[in-house]
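Dumping the structure here so I can ask a few things about it.
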Amino acid sequence: MVKSFSVLVLLLGIGAMFAALLLGYVPDSELNQTARYYADKTASETGAANIVAAIVVTYRGLDTLGEVTVLFLSAAIVGLVLASGHQQGKMRHAQPPSGELLVIGVRLLVPLILLLGVYVFINGHLTPGGGFQGGAILASAMLLLLLGDPLRTFSHKLIAIVESISGLVFVGMGILGIFYAGGFLDNRVLPLGTLGEVFSAGAIPIIYSFVGLKVGAEFSSMLANLSGTEEL
Amino acid sequence: MAYIAMATGFILILIGLFGALTNRNILRMIVAFTVADTGVNMVIVAIGYMHGRTAPILDVAVSAAEAAARIIDPVPQALVLTAIVIGVGVTALMLAYTYKLYEKKRTLDIAQFTELKW
Amino acid sequence: MSNLFIPMTVLLCASMIVAGLMSIWSKRSLPIVMLSSGLVSLLASVQYLLLAAPDVAMTEAAIGSGLTTFLFFFVLSRVRGGANG
Amino acid sequence: MAEFLINLAASLTGVAFLAALWRFFRGPTPADRVLAFDVLTIVSIAGIVFGALVEGRFIYLDVALVYGLLSFLGVIVVARYLERGL
Amino acid sequence: MGELLDVVGGLLMVAGSGFLLLGALGLVRMPDLYNRIQAATKATTLGTLLTLLGVAFIRPEWALKLLLIGIFLLFTNPLSSQVLARAAHRSGLVRLPAGQVDRLAEDTGEKS
């Protein structure tokens, strides 16, 4: 009772702070200085039509590198936590088979979903989407395979190889930027091209594609580790 | 419109905090955390919205020359984009620990885990 | 025609709050709680689109509907015995 | 005329949304709620297309594409959970 | 010409959202789960397809992507409802009213 009362008091305090923030909020009518810089210069400096993609990959590319590292660490810790004290030899729970329609549907839909994921991250500099969304869509294809056949196991070695190679290429493109362009993760190591075409925006499509592969491999490794556990 | 979305985000944060602080089941606490996560993301996106403007992507509808007058602030969107992906990683981590805790004690009640209590 | 967005926002936000309340209601069974949090994420995705953030909307649609729901229900099916304790 | 028709269609979609939401909150069994969730995703696709039409942006349709291909995953996950096949 | 296309597209969109409304109404009014599944899935799929067609009339240059969305809906929507109906039958969530016979359980030997 005391605990619930103190929680309510705490939440009322936080709610009062939020209400003060909300009442004092005045929406901007003009873009602030940083946003104006991005809006004016993105098309000429990076050649990308999607300004969010240009910010994520080029202007704040170092943040993206750290973010992918955090995701890698969390996937690795999930694997580590679930693998420790793993006893072999227990029988898996007898699961009912998935229906015939689901098996056929999985066979039909998995290539389509993989294709959509590749489309999303290759067109990341033109349309909404990019590496993170594409990676999540690739992992959704893995999830669909797992739903169609619960006993399916994924090759951990293949996932690890894809993950490491795409990480290496990401950092390698960044280092190329130091030597051939303005700095780390500068996208002007390749010609910028014309705005609005697929082969434009320098290195952004390449970097975003490898970010997508890396994110997809990390989510897939989480799914593979979780699906290897047994019912308690 | 931004006011309504921002108020909803704040209310979702409060709902999530209430759920995480008052529930005793670990899985319910994690669900409440994801609700609060969505609320935080919604507040940040609503701060970036400006009335009468459109998405920060250049195409035939918005040319590069008039971009500064027609698009909204792209920086909050870039922040939230990474925050959502990190949120899933954190959720998966919490769920993996839930599995291990259940394996040790065969219960999900947070009051049973008293090793660090004093 | 853009005045269509304000009623849509009101509708989405009200249903998000109700679904959020449902997802912490502790007398509900655990699958319903998880499904409600999935509904919050689904409605939030449409709301992001109305706030002119299609990138964020696509991320939330790709992650919130499939992956997060799967993680929750998978762990729930693994710890089925203690779900009500 | 066309504007009035679009507004009418949007309001009808809103009523459909409310009806599906009622079934989600009310539904006696979990399967009813999952079905209401499915209907809500489909209504959301229609809502996204309305939003793209009103804003006049072609690129918003990509979100509807992702929805159309991925939104059924949540339903299948819960269905497999209900038949204890996960 | 453009005006006429706009009006035709608007009428198609109204028809589509009418079907969406009918599907949701069936979801509310039908007595048990299987009736709700068959009412909701078919009507809402047709409704969304008609809405997409109407938008394609208003904006002819968007037609290709709208067609893709429609095809994906036609793939995924029946699949999810079939899996749901099967799961409901297997898990025994839905009790049939007295006097009705469960032919599927007789055929496959599964209990309802």
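By written order: A, B, C, D and E. Residues from 1 in each chain.
Rule of thumb we're sticking to: a contact is a pair of C-beta atoms (placed from the backbone, for glycine too) under 8 Å apart; a residue touches a chain by one contact, two chains touch by 3 or more.
None of these values were measured; they are calculated from a predicted model.
*Asks:* Touching chain A and chain C alike: which chains?
*Replies:* Per touch definition, common to chain A and chain C: B, D.
*Asks:* What chain lies closest to the overall centre, CA atoms only?
*Replies:* Of the chains present, the most centrally placed is C.
*Asks:* Taking each chain's centre as the mean of its CA atoms, which one is most distant from chain B?
*Replies:* Using the mean of the C-alpha atoms as each chain's centre, the farthest one from chain B is E.
*Asks:* Please tell me the distance, in whole Å, between the geometric centres of chain B and chain D computed from their C-alpha atoms.
*Replies:* The computed centroid separation for chain B versus chain D comes out at 21 Å.
*Asks:* Need the CA-centroid distance for the pair chain A / chain D, whole Å please.
*Replies:* 24
*Asks:* Report the inter-chain centroid distance for chain C and chain D in whole angstrom, where each centroid is the mean of the CA atoms.
*Replies:* Computed from C-alpha means, the inter-chain centre distance equals 12 Å.
*Asks:* Taking each chain's centre as its mean C-alpha position, how far apart are chain A and chain E in Å?
*Replies:* The mean C-alpha positions of chain A and chain E differ by 32 Å.
*Asks:* Please list all residues of chain C that touch 2 or more other chains.
*Replies:* Residues 2, 5, 50, 52, 54-55, 57-59, 62-63, 66-67, 70-71, 74-79, 81.
*Asks:* In chain D, what residues contact two or more other chains?
*Replies:* 6, 10, 17, 30, 34, 55, 57-60, 62-63, 65-66, 69-71, 73, 76-77, 80, 83-84, 86
*Asks:* Among all residues of chain E, which ones touch two or more of the remaining chains?
*Replies:* Expected reply: 72, 76, 79, 83, 86, 90.
*Asks:* Each pair of chains that touch: what are they?
*Replies:* Pairwise, the chains that meet the contact rule are A-B, A-C, A-D, A-E, B-C, B-D, C-D, D-E.
*Asks:* Over in the complex, which chain D residues touch chain E? Could you list them?
*Replies:* So the residues of chain D in touch with chain E come to 1-2, 4-6, 8-10, 12-13, 15-17, 19-20, 22-23, 29-32, 34-36, 38-39, 42-43, 45-46, 49, 52-53, 58, 61-62, 64-65, 68-69, 71-72, 75-76, 79-80, 82-84.
*Asks:* Show which residues of chain B lie in contact with chain A when the two form their complex.
*Replies:* Touching chain A: residues 2-3, 6-7, 10, 13-14, 17-18, 21-22, 47, 49-51, 55-59, 64, 67-68, 71, 73-75, 77-78, 81-82, 84-86, 88-90, 92-93, 95-97, 99-100, 102-103, 106 of chain B.
*Asks:* Taking the complex as given, what residues does chain A use to touch chain C?
*Replies:* Interface residues on the chain A side: 50, 52-53, 120, 128-130, 132-133, 136-137, 139-140, 143, 219, 222-223, 226-227, 229-232.
*Asks:* Under the touch definition given earlier, write down the residues of chain B that touch chain C in their complex.
*Replies:* Counting only chain B, the residues touching chain C are 1-2, 4-5, 7-8, 11-12, 15-16, 18-19, 22-23, 25, 27-28, 30-32, 34-35, 38-39, 41-42, 45-46, 48-49, 52-55, 57, 72, 77, 80-81, 84-85, 88, 91-92, 95, 98-99, 102, 106-109.
*Asks:* Can you check the complex and tell me which residues of chain C touch chain B?
*Replies:* Spelled out, the residues of chain C in touch with chain B are 2, 5-6, 9-10, 13, 16-17, 20-21, 23-24, 26, 30, 33-34, 37, 40-41, 44, 47-48, 50-56, 59-60, 63-64, 67-68, 71-72, 75-76, 78-79, 81-83, 85.
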